[in-house]
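Have a look at these structures, which come just after this line.
Shared between the two complexes below is chain A, which has chain B as its partner in the first and chain C in the second.
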Partner chain A sequence: MTKVGKPEQMIVNGKRLDGRELEQFRPINIEVGILKRAEGSAVFKFGSTYALSAVYGPRELHPKHLQDPQQAVLRCRYSMAPFSTTERVRPGRSRRGTEISMVLNEALANVLFFEDFPKTGIDVFVEILQADASTRCAGLNAASLALVDAGVPMKDFISSCSVGKVDGKIVLDLFGLEDNFGDADLAFATIGNKDKIVLMQLDGIVKKEELLQMINLAKKGCSEIYEKQKQALKEKYKTGEEDVENE
Partner chain B sequence: MESEILVKERQLVIPGETLARGLDYLPSTGCFRVDNEIRAKVMGLVRVKDRFITIVPLAGVYSPRSGDGVIGFIEDMQTTIWIVDINSPYDAILLLGEAVSEYVDLNKTDISIFYDIGDIIYAKVLNVSKSKQVQLTMNDYRARKLIGGRILKITPSKVPRLIGKEGSMIELIKDKTKCQIIVGQNGVVWIKGEKEGLATKAVLTVDSESHTTGLTDRVSELLEGGD
Partner chain C sequence: MLKTSENYVKKLVEENQRIDDRKFDEHRKIEIETGIIETAEGSARVKLGNTHVLVGVKMSVGEPYPDIPNEGVLIVNAELAPIASPMFEPGPPDEEAVEIARVIDRGIRESQCIEVEKLCIEPGKKVWMVNVDLHVLDHDGNLIDAGGLGAIAALLKTKIPTYDEKNDKVVYGEYEKKLPVKDVPIPVTIAKISSSLLVDPNLEEENAMDSRITIATNKHGDICAMQKGGDGYFTTEEIEKSIDLSILKGKELRKILGA
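Up next is the complex of A and B:
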């Protein structure tokens, strides 16, 4: 397979290389409750980026010395499947995997009610089945949905998306080529549609005004993701009878 | 300060959704207060009783409560206690004194003659300490060892739906399938009798459709048609 070099132009006639507008998401697909044996699960796709998340718990935490007698312990594990990219990802722990696991853990910790389940552990697994950039964002969205699906008490959702600078323009939801050859990419997450940021990681060099523009666009993007997450959950339990009396 | 409730009875809500404003309403299970608002903690159906707003969750683990009748699995034992898996993040213990009323000479007897590892029991939760240590007791008219039959697990918050108003749903299933059925508050269900397969199907239907209406009729139909 030949390696793709940097394209001459990333934005042609106001459209990106995959035909999208500057501030347009890739097609988003969400499925909740896809793994029957997990407490909760969800799939979140940004175009070709597929993230699968499974939640187990709250459950007894082993090893025992990790137990916190006053609250639950959140353990997040981000991993890329060996077949998720065109070049095989070596299975097992990687530094990148450990970093992203930590970052997802910190983001989710903002919305969980840890005191409700002392001594237990809540395990959140994020597995990237196909990677086309913005994997940690897709993973975080999936993890958030999986936690709700599992019935774990939460203050709100976490909604995440990526923005970047490509050919000098600020764009929403980077895909592979843009992530590799763009000028900068910013992974971003908020608490639902509220003005609270729980994840922000920038890769690249931008001016201050550009960064503020990117943050604004990311907030708008996250708000849109939030609406889609809510919709996906309500779809799962749609009964078609919203105005009924008690049976 | 004006208080207003923003949701209807049986409305489906998701975590973070605002249920009410003002200080007149009080958050109960599944809700929490942030400043002037009451919000949902879990995804579920709204229940309003007087000034209390509750969410009946559509999913979630079992949190043991004193007085609950639960079906447990004997996992381990020590000289005078049994460790019981009650389908919860917290294991429970059953003390010898709460399980056996006669005198037991520990020098001559191994307590496995009463309950052994792998046995299934229906017990009552005696109490739950602040550090979530759960104690069970067999000192209840319903408590006993369950022999034979089959076990299935449903979402604990759906147990009231499975039992039905005044036991209507569970009696319907028991009647049509000629089975004994015991439902633990912890979501574990024991079925033993003639048409265990049909009863299982009915129970699983209630579990997956508990949030809908017309369920009793549908379960009735399922039971009529079955074998």
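Up next is the complex of A and C:
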């Protein structure tokens, strides 16, 4: 049975419904260090998917029984703003949010030096302000950049994107319609542009060959994201001529 | 104390051995029994080695989701009761319980094994709700696979009670038909320890693993859901190996289920 509002075709003449090629990202926008209060912050956008991340810490962890005398404790919290989707999201904890927080936490844990900060907590907040699919990927990209912005020592950063199967075709960076009515979707993240996969969640039926094709495309996508993240950081922290003149 | 056991498990794996002498691609002994709870519309008990899980399916009538008004609703919940482990505490489901329930849910939902469109009573108003509740009784690792096997075993035996439309009441104990289930999704969890891949990790192996991956396959050998867990990472080659393993193991488990 078809769902309400399902378009008849989602790929028309080799183009997707939002006009993109199969292996093309939506416009990506990155801003680093936009919040004053937080130690680190970043915005990551895939088209109209809008993720904001803020980092506090490493700071003394309370309540004390959560402290680890040997290393820092990473606490990542993903949440969606009530107005981020067509139907209002009920604020507070949800099962989905709990699970996503956990997988983001596990992904970010790969690149931090926990032993350097015993007894502390590193809090990473990911807030989805507008959702149009691939929110956990945008959130993870934002969180990586916010951690860098906070000056937390890292081995590398995490780059993430989604791929999916739509009308039998493998496509990069799903948007809402494709996420709702496509055949399958895969949320994916790697450590930088390396072959080290730290996030992988698949929904939907795919053949083994298709899945391998999806993974390959996702890896390519993550390398592209990695370059954009680096570029955004260089942009933010470049010591330009203006600064020299001001001195 | 725990560290010693973790290191021991790792050292054994490096010597190509497992702490309970299994092969890397071997499940623990599996026992599945269905129809053990009479008050449930479907039920199963699964023993995976010393891991012991009970699954009950309760059918009720409720409102469908507005975007799919003609389809029944599946709800999977996991209860990690304190009787099952010294690590479990009373209270609402923690993130571990939520993840287990959601990964099992995804395998069942995405395989489209339940013919949800046949569970509609009145479009947009009344549909059957399929509540799958997992009760962990004894925790010795790999709750996802034990729970997932139990869930599909119970669903395959679930009967839909009679619905008294006039009085808007479900007549429990009287059955109309079987729950329409057309596929048998099987989750297979693989742990990565010291760069080796181990099927069906027990608790000691779970404590020592770098990361794990759960892959659910359907009866055609296609993949319907996948979830990476744990702090570490996988390479593409390891994932490809895991896919092959889960397709193969899924077939074996489907035989044990008799489905």
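Operating definition for what follows: the second predicted complex is superposed on the first by the 235 of 247 C-alpha atoms of A that agree within 3 Å, B and C clash if a C-alpha of one lies under 4 Å from a C-alpha of the other, contacts with A are read in each partner's own complex, and residues count from 1 in each chain.
By definition in this document, a contact is a pair of C-beta atoms (placed from the backbone, for glycine too) under 8 Å apart; a residue touches a chain by one contact, two chains touch by 3 or more.
These numbers come from a predicted model, not from an experiment.
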Considering only the touch criterion stated at the top, classify A:D68 as touching first (chain B), second (chain C), both, or neither.
neither
Taking the superposition on A as described, I'd like to know which of chain B and chain C A:D167 touches: first, second, both or neither.
neither
For A:D18, is the partner it touches chain B (first), chain C (second), both, or none of the two (neither)?
neither
Applying the document's definition of touch, where does A:E31 land relative to chain B and chain C: first, second, both, or neither?
neither
Have a look at where A:G204 lands relative to chain B and chain C in the superposition and call it first, second, both or neither.
second
Considering only the contact definition stated at the top, list the common interface residues of chain A for chain B and chain C.
none
Chain A to chain B touching residues, read off their complex
39-40, 57-60, 69, 111, 113, 117-120, 148-157, 192, 230, 233-234, 237, 239, 241-244, 246-247
Write out the stretch or stretches of chain B touching chain A in their complex.
8-12, 14-16, 30, 32, 34, 39, 41-43, 57-61, 63, 89-91, 131-132, 155, 157, 211-216
Sort out for me which residues of chain A touch chain C in the complex.
1, 3-5, 95-96, 98-99, 101-103, 106, 109-110, 180, 184, 186, 190-191, 195-208, 211-212, 215-216, 219
Within their complex, chain C touches chain A through residues 66-71, 93, 95, 98-99, 101-102, 106, 110-112, 117, 211, 213, 218, 221-236, 239-240, 243-244, 247
